Amino acid sequence: MTTHRFTPSTLHNTLGSHAPALAIASGDTVIAATADAHGVDFRGEKIGDRPNPMTGPFFIEGAEPGDALLIAIRDIRMTRATGWTFDVLSPNVVDPNAVLRLRERRRVEWLIDAAAGRVRLAEPPPALANWSVAVEPMIGCFGVAPDLCQAISTATSGRHGGNMDYRGFKAGVEVMFPVSVPGALFFLGDVHAQQCDGEIVGTGIETAAEVTFTARVLKGQKIGWPRGLNETEIFTIGNARPLDQALQHATTEMLDWLVADYGLDEVAASHVMGQCVRYDVANVFNPAYSVVCRVARAALP
Amino acid sequence: MTTHRFTPSTLHNTLGSHAPALAIASGDTVIAATADAHGVDFRGEKIGDRPNPMTGPFFIEGAEPGDALLIAIRDIRMTRATGWTFDVLSPNVVDPNAVLRLRERRRVEWLIDAAAGRVRLAEPPPALANWSVAVEPMIGCFGVAPDLCQAISTATSGRHGGNMDYRGFKAGVEVMFPVSVPGALFFLGDVHAQQCDGEIVGTGIETAAEVTFTARVLKGQKIGWPRGLNETEIFTIGNARPLDQALQHATTEMLDWLVADYGLDEVAASHVMGQCVRYDVANVFNPAYSVVCRVARAALP
Amino acid sequence: MTTHRFTPSTLHNTLGSHAPALAIASGDTVIAATADAHGVDFRGEKIGDRPNPMTGPFFIEGAEPGDALLIAIRDIRMTRATGWTFDVLSPNVVDPNAVLRLRERRRVEWLIDAAAGRVRLAEPPPALANWSVAVEPMIGCFGVAPDLCQAISTATSGRHGGNMDYRGFKAGVEVMFPVSVPGALFFLGDVHAQQCDGEIVGTGIETAAEVTFTARVLKGQKIGWPRGLNETEIFTIGNARPLDQALQHATTEMLDWLVADYGLDEVAASHVMGQCVRYDVANVFNPAYSVVCRVARAALP
Amino acid sequence: MTTHRFTPSTLHNTLGSHAPALAIASGDTVIAATADAHGVDFRGEKIGDRPNPMTGPFFIEGAEPGDALLIAIRDIRMTRATGWTFDVLSPNVVDPNAVLRLRERRRVEWLIDAAAGRVRLAEPPPALANWSVAVEPMIGCFGVAPDLCQAISTATSGRHGGNMDYRGFKAGVEVMFPVSVPGALFFLGDVHAQQCDGEIVGTGIETAAEVTFTARVLKGQKIGWPRGLNETEIFTIGNARPLDQALQHATTEMLDWLVADYGLDEVAASHVMGQCVRYDVANVFNPAYSVVCRVARAALP
């Protein structure tokens, strides 16, 4: 149960079968530095390129195709006092006829006051002069190497994880990814100081961070899509377009989970899901949208 | 500010320009009986046909096209100790390749214990023997007569409201509808004892009820889609397929609201929405899906 | 087998259970005048309002719910030398990020030379100075009264037909609609001098016309969606959003047809469809999109 | 202008920056053997794995990011007298409620009579005893290495091409791909003896082939999506889900083409496209659907 401290020298713009940056044992903890979505680190230095350059990959010993990799997010510490977003809604989230009311997105800066737990615009428009939002850091992009020796852009996501941009990927949460290659090859980056549902301006508040996580191999745990657990809920996440299909993936994965691990058949699982499911629209901006299907632990028999 | 008690004799399967069942003044309150989605009332008698037969319409004096009608939901009291749902997930919410694992939906009964605030299956499968869920009654279908003298099935929804099946339409919430005809012509029905996000088995727990609401005309308040307010949030709802388009409608309506009533331009509104929006998938089963866009009052400048 | 000549006095903006304008026998032929999509007739007089005001309804004696109504389009004669379109692509048919390159649509006039069979812009931009397209008149919007006593806007479409805007609805084609009310109540209008696939500027070349059709009741012919036949093909049309769902409706209806009328089971029908289907994107602009599924008669066993 | 004959030893399941199998000059012609979608070659030997193992990559000298690679398909000769398909419609192309009428897809064999130009089922159901379809060979999957050093599964498609499964990719057609890496790295395979629109049973008639193509570098020709030319038309192809988005990509790319190369501004291009566009649904089965936007050369000013 070693704890490693890791600062990347090379960042990756794909999740793929790249040479491991660090090999760790199942159960080890890593404190890993991440750059922001445009590759700028805690010092303000550009150490990688867009999109979402990744720290890693971490080779987890013993992980084999057919296993799951569990990542327990222990802490997300922002390492820069500034973040950035785009400043107008993405054209794909408003009615096509309303797009002409918008203009091209511009990048704007935010000031992060980690001690006070608030973040505010560096140069707010007058109407937002005294406006700020709570800090709630989360991981925008993380996952494992996909199957078929694919290398998939960190702009998008899939069964292997990737750029899911879900505000629920925060400290205290455990996330499972399906392992497709020996060692799993885990990547992470793209931390946001906070983000709405849907990531509808195309970004969270993008910043540099230090993420502490523990990796554990779940031998023989076959899963189809990323799954998660927090104190009160279990959840699944599906990544696709349109939202309908992302929701289908997440719902099917939850059905599979309840049937395999909770002693329910399709009818009993349908009753539980049919009365208790909650959905989150994680992102509705990236090439693949992400929908989360949640069930409260208290609702499970 | 009269309070009317209304029990319907004729129920309607469309929201349209039907003859008013009762004319009321703006500010009046109505205690209205509703049948369940298959037309069965509190005594178990069939008084209407599927889909979702409606109580009403109520003619609200003074309402004209270009106004909004505000409905304050004061109370939803279930008037029957039984409800029903379907028993397997709808095929459209799982992966197409997973549908063959399901079978045709069957109708099953539930027992509502209003005093205890719990509802449970009348004949649960063994795995759910002691399983119940909390009662949280909501209105499945309500709205006003649409424009162009249309009469639109209560199976679906649109700008005029209709079968939105949103669990957030519960006591304590205020909802606005765009008025398209003189008197607005308000309809309601299809109460659920409780429902998940998405209505993914195709129903909530369908039952008969008595709904207490106050109707108020908001003169000259132009809105494009239904809007709502509760203690902590304002919200908009968009109805369309796919979910992406329902979300676009809700998001555009929220943008319109923030710009018109909160002193924000498109950029300031984008900042607020871009960091603070929450989405709910109200229903992903009906001919039109419904997505809700919520903003916390505390996040508004 | 009477032939009626009909000029409308009142036009309708919904397909619904309106009072019949003319009752005809099964097998009768009607020569009916239609106004353009904005209600302007052959003289240039405004006799109806947008959207797509309809001529009719025609009550076809003997038609009952559960039958089909077959409309044989015998001739479409344009009765005005002018038509109009919008002048830029609809924002929903280009990438959301490309919408800002467009501007609001404006209406422009076209000159129809029926004798020469060509239509050209009245005031073409220089690059199109000598450019014209072939006249190929078609019916944009036609259909029957829907079920549940609904009255549905002529801007959209459904199982009952409506604003499908398919360039294949031209002279020589037979179209079937599912009958939902006694007499079927057939409406028509919105003729286009010609149109591309998808109706991607939001209109065909909109004009007034005189349509000659023969109506015949097909007793007991149950169909789910409109069907058509021309010299070389049979086809079905599905209306919904997104295109995927419109395509699912059309494909399922073709499967039903081949199984019911061509002696094929699901596997044999899948082989025929799997090697021989052609799809047309009829419209990708209206509230419901329309997709056509075609099979060559020569490919049918 | 050399002609190379190439038989692959290693096949690839991704389009990516793999080591070149053969370097050729711009203008050279290659006669390349391809295996079927499951990796079986002309002798019936399995030389690769699913999905769609690719022959190549071919390094075209002089190709650089920012150029386009033009592939002229000169001939597609089937090299096996058998092909195969699946035998029932894919569940995603019928209504979700109709899926329960289908069953799991099974693989069935076809006999290809290249001389007679017909292909028929090896063991037809009785209803199809004398039924056959015309041979019309096409390339299912081809394209170039994508950007960001991605390696993308040959099951799907994107801006780089890939598994587009368009029946229009046949002999006599020229196709352009956007070059993202030096040498372009062109791959091909997955030939079908024939295919319907949409590939709605999940396959064309899959077989081994020998494809003759000429590759030419178009220096400085920037394109966003694959483009094509045949004797009578120019066309673009967009790859995404849902169909709506694939259509948006193809339509935007056509707009770009008309504006850049045909002297039209956005309005003039809208007029031409608005009256003359044809769409094909190339595939509605793969992870990315493909829609083709066609304009007749005769319709261009």
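Per-chain residue numbering starts at 1, and chain names A, B, C and D are given in the order in which the chains are listed.
Rule of thumb we're sticking to: a residue touches a chain if its C-beta (ideal position, glycine included) is under 8 Å from a C-beta of that chain, and two chains touch if they have at least 3 such contacts.
All values derive from a computational prediction rather than experimental measurement.
The fewest steps needed to get from subunit A to subunit C, moving only between touching chains, is 1. Ranking every chain by how far its Cα centroid lies from the centroid of subunit D, the top place goes to B. In whole angstrom, the spacing between the mean C-alpha positions of subunit A and subunit B is 33. Along subunit A, residues 92, 96, 102-103, 241-242 each make contact with two or more other chains.
Subunit B makes touch with subunit A in their complex at residues 85-89, 92-96, 98, 101-103, 121, 124-125, 127-128, 130-131, 133, 194-198, 200-201, 205, 241-244, 247-249, 251-252, 255, 263-268, 270-281, 284, 289, 291, 299, 301.
If you check the complex, the residues on subunit A that touch subunit D are 13-14, 16, 148-153, 240-242, 245. The part of subunit B that touches subunit D in the complex is made up of residues 90-92, 96-97, 99-100, 102-104, 242.
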